[in-house]
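Shared between the two complexes below is chain A, which has chain B as its partner in the first and chain C in the second.
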Partner chain A sequence: MTVFVDLYTDADTFLHRLDPRVKIVAVVLLSLLALIIGNLVHLLVLLAFVLLLLALGRATLSKTVFALKFVFRIMVMIVVLWPIFDPSGTPVLAELGPVKITEPAIWKGVAMAVRVCCLATVWYILMFTTSQRDLVRGLVKLGLRFDFGLALAIALRFIPTFGVTVESITDAQRARGLELDKGAPLRRSKNYVAVLVPTIVSALRTADMLSLALQSRAYGARPDRTYLRDLKMRWTDALALAVVVTIFAIPAIAKYLLDASL
Partner chain B sequence: MRALEFNDVSFTYKGSGSKALEGVSFAVNKGEFITLLGRNGSGKSTICLMSNGLIPHALPGALEGAVRIFGQEVRERSVAEFSKSVGIVFQEPESQLFCMSVEEEVAFGPENLAVPREEIGDRVEWALELVGMKGFNDRSPFSLSGGEKQRVAIAAALSMRPEMLVLDEPAYALDPVGRFELYSVLKELKQKHGMTVVLAERDPEEAVAFSDRLLLLEDGKIAGVGATRNVLRDPQKLSSLGIAPPQLSELAALLNSRLPGESFSFLSVEEAERTLSEDFFAQGRARRA
Partner chain C sequence: MSSGGEGEGGGSPAAPRNPAKFVSPKTVALYGILTALTTAVTMVLVVPFPPTRGFFNLGDAMVFFSALTFGMRAGAICGGIGSAIADVLLGFGYFAPITLVAKGSEGLVAGAIGRIKAGAPAAKLLGVAAGSLCMVSTYFFSEWVLYGIGPAIAEVPVNVAQVLIGGSIGILLSVPVSNLLRTAGRPHQER
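== the complex of A and B ==
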């Protein structure tokens, strides 16, 4: 049972080396940009840029497809459903009772799908070029409270442990004759209770132990905690940040200050 | 000043009907290596958890008597304060490592104590080297073997530069290789660094080779305490307390019962080999000659 796969792919590319703070800020800005832009051509330009980044981070095809499979399905759904539910604009291409298919609605649907693709890819790039450790470190350095960062790190760190627990409990219950893949859906989900309850008990036990371990290592002893590893902005990081801010600022200014339609 | 002092200590966990410890008194001197032995539920963990204040601060209950840790009464200081002088390692390797890399794990304690950055770096390297985990800095603790995890847990405690290390059945979940690696580290801590160590064990096989004293527990009470060699002279007593006597002390007892006048006692295979070849076989050869 695959509960979770860490998307991070170890490699030594420009994007991997980039300061996680810059990457987080860039991803947020590019996401906002994808939301600001409505024009299909502009969205395609943005998508091209995002795909360029994907290539720059040397994403492997199989992992990318795996991570974005779900997104592709949503995109198809948007393209198909948007024109059915949006009757605005002319020319009307087809009319079937209350359903009116118009040409602008088709293009809007495509644009929306491209937007979703941009958003998903941008976040995927962050996840596959940044280790969880750097991600949490970046968030804390950007102002996330240390205890929230620690909670996030612990959650990420324990996902695989949790997966192993679920697996061994499932095996143990199967060995006792529990049938998880047979029977009607309701019955099946009832059977899963036999896995769920021991899993929760085990998770609570682990949480208790963790709390003892944290306290024993002086957690929360001082407000002025130090950090062994600090993040340092290099000139390449600053440059990358400047580029992204510019890419964001030009369309944003055009739209909100100059009232251009994008 | 003693490292640890229990004076007529009794403890009942909150919500529990029976005493986990009853009238326990003992003391640990600085630089001493003491091993607590006892079967399931005899109170080993309770003593360990009391040695850095987790009982009664994190695990409440009715505590009677006095527990002093480097002279400080346990109720009067917080766990965070005791953590500067006492490091603790638990039984479960999985649930005491919570960072995403070995390095962060070992740095976590000193970071919380606001140790300057350069010094944390030095301490991390020192501690990882001591436990034989140098170069594992960027590995995820999850990806390590059980023995490696426990050694990282020891390094994470040592990096806080404690004066005393408490280990609660650290070898419990380990395979023979993991056990061997772990005990090598404990031996080195004792022999090279003179660390004060409190070790809880169900199986004394490996630990007797470097324990100064053994403390036997039964149902929350002390059933015996003394220098390792003296306690091991009576393997039957260990058996009656549900503790498997080390094979070497059974061998010594067997030899002593068959050979009137001999009083062998072996704490390590090397010692047994030396004594037997020098003393025993030499005599036999002399007799035959």
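== the complex of A and C ==
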């Protein structure tokens, strides 16, 4: 199983240069947009727009496949199962006991699948074009408390380290005769306690060392924070924000204020 | 360390821009590390199993462990954020906000109930059961909205099995580690 620990790829596109705050707001607004509109054609337009942005962010093919791999299975499940549970509408195409398959329900299922696909891909515009450092900085600037931002940065830093720790402890315990591939699922998972206890103990040691390091650097001594590189909105960022807000606002206003069916 | 993340450095909701508002470095380090550990365990320790998603992960064990050992704040923050990061890195990015709520509430409730009477076995069991209920129902309702009722029902048994395994391992883990923390004190002092 290939596991990405950092989805970011370095490149120099306008998406990479964009302020992380603008990207975070854009992703949230586009996700909400996907939930607001229900029409299949509109959803397909939105999906095309999202995929275009992914392409403009120079996402490699393997990463795009990664972003779509899991969601594709769910999309198939929705298309198959939606009509079975939704008996509304006419014409009825097939009837079997209590189950009615109708034509509008089939199209609704397809639209729901496209919606889930939009929601899934829009995230990766942000993840592929923003480094973890910028992401945390953007979140802190958007109002996340600084200490939680630091905890988040620590977490992101240590994920690969602990991934390696877990794997090497698993190997060590296997070498001592621990069987992880045999037995019923419950029993098999209980064997993992022998892996998890050493992992946790070593992680708690790391936490203690880390807290000493933080104390020695006078963490929390001053209430105001200074930054080496501050985030500044440039006119391109403001323009991008305006474009995204417009894209979100027009369908939202049309739906909720003008009662148009979307 | 033995007091966990509770009540250090003025964790209660107060006015911002107050220096005492920062949680202590010990807590920041502990939360960061537990979050990373939750993510790593969710991504790496995968138990192969046939139905739908094809595997169980032991992430829930870490959520319950954090909640039962270090309290509800650690459970909510480390469980919620750690599992959400794992979702993003594994390719379910759009599910991350839902996971944040589902696992966060799981950790919160398990930590709140599971530590009554200094973590009596009955309290732990009740906490894990209530936390599991939060997680399964959050996933069920959000999948109902997103995917429709069919796939949502199909996911329930998978989630139930996952919390059953995660809960039992979480309790098994919290007992020896809590004892260790109580007796050994701070690990870096003994070395």
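The definition used in the following text is that the second predicted complex is superposed on the first by the 256 of 262 C-alpha atoms of A that agree within 3 Å, B and C clash if a C-alpha of one lies under 4 Å from a C-alpha of the other, contacts with A are read in each partner's own complex, and residues count from 1 in each chain.
Please note the rule applied: a residue touches a chain if its C-beta (ideal position, glycine included) is under 8 Å from a C-beta of that chain, and two chains touch if they have at least 3 such contacts.
Everything quoted here is computed from the prediction, not taken from an experiment.
Once chain A of one complex is fitted onto chain A of the other, the partner contacts of A:219 extend to both chain B and chain C.
Put chain B and chain C next to each other and count what each touches on chain A; the higher total goes to C. Of the two partner chains, chain B and chain C are each touched by A:206.
Shared-chain residue A:76: touches no atom of chain B or chain C.
After overlaying the two complexes on the shared chain, residue contacts for A:233 are found with neither chain B nor chain C. Legend: residue contacts after superposition of the two complexes on their common chain; A:152 is shown touching chain C, with no touch to chain B.
Of the two partner chains placed by superposition, A:41 touches none, neither chain B nor chain C.
In the superposition on chain A, no contact is made by A:92 with either chain B or chain C. Of the two partner chains placed by superposition, only chain C is touched by A:66; chain B is not. When both complexes are aligned on chain A by C-alpha atoms, chain A residues 153-154, 156-158, 160-161, 205-206, 209-212, 214-215, 219-220, 222, 224 touch chain B in the first and chain C in the second. In the complex of the two chains, the chain A residues touching chain C come out as 1, 3-5, 7, 31, 66-67, 69-71, 74, 77-78, 81-82, 84-86, 109, 112, 115-116, 119-120, 122-124, 127, 145-148, 150-163, 165-167, 170, 185-186, 188-190, 192-193, 195-197, 199-201, 203-212, 214-215, 219-220, 222-224. Across the interface of their complex, chain A is touched by residues 49, 52, 54, 57-59, 79-81, 83-84, 87-88, 90, 92, 94-101, 103-104, 107-117, 120-121, 124, 140-142, 156-157, 160 of chain B.
Within the complex formed with chain A, the residues of chain C that make contact are 1, 9, 16-19, 21-26, 28-37, 39-41, 43-47, 49, 56, 58, 61-62, 65, 77, 81-82, 85, 88-94, 96, 146-151, 154, 161, 164-165, 168-169, 172-173, 176-177, 180-181, 186-188.
Chain A makes touch with chain B in their complex at residues 131-133, 136, 153-154, 156-158, 160-161, 205-206, 209-222, 224-230.
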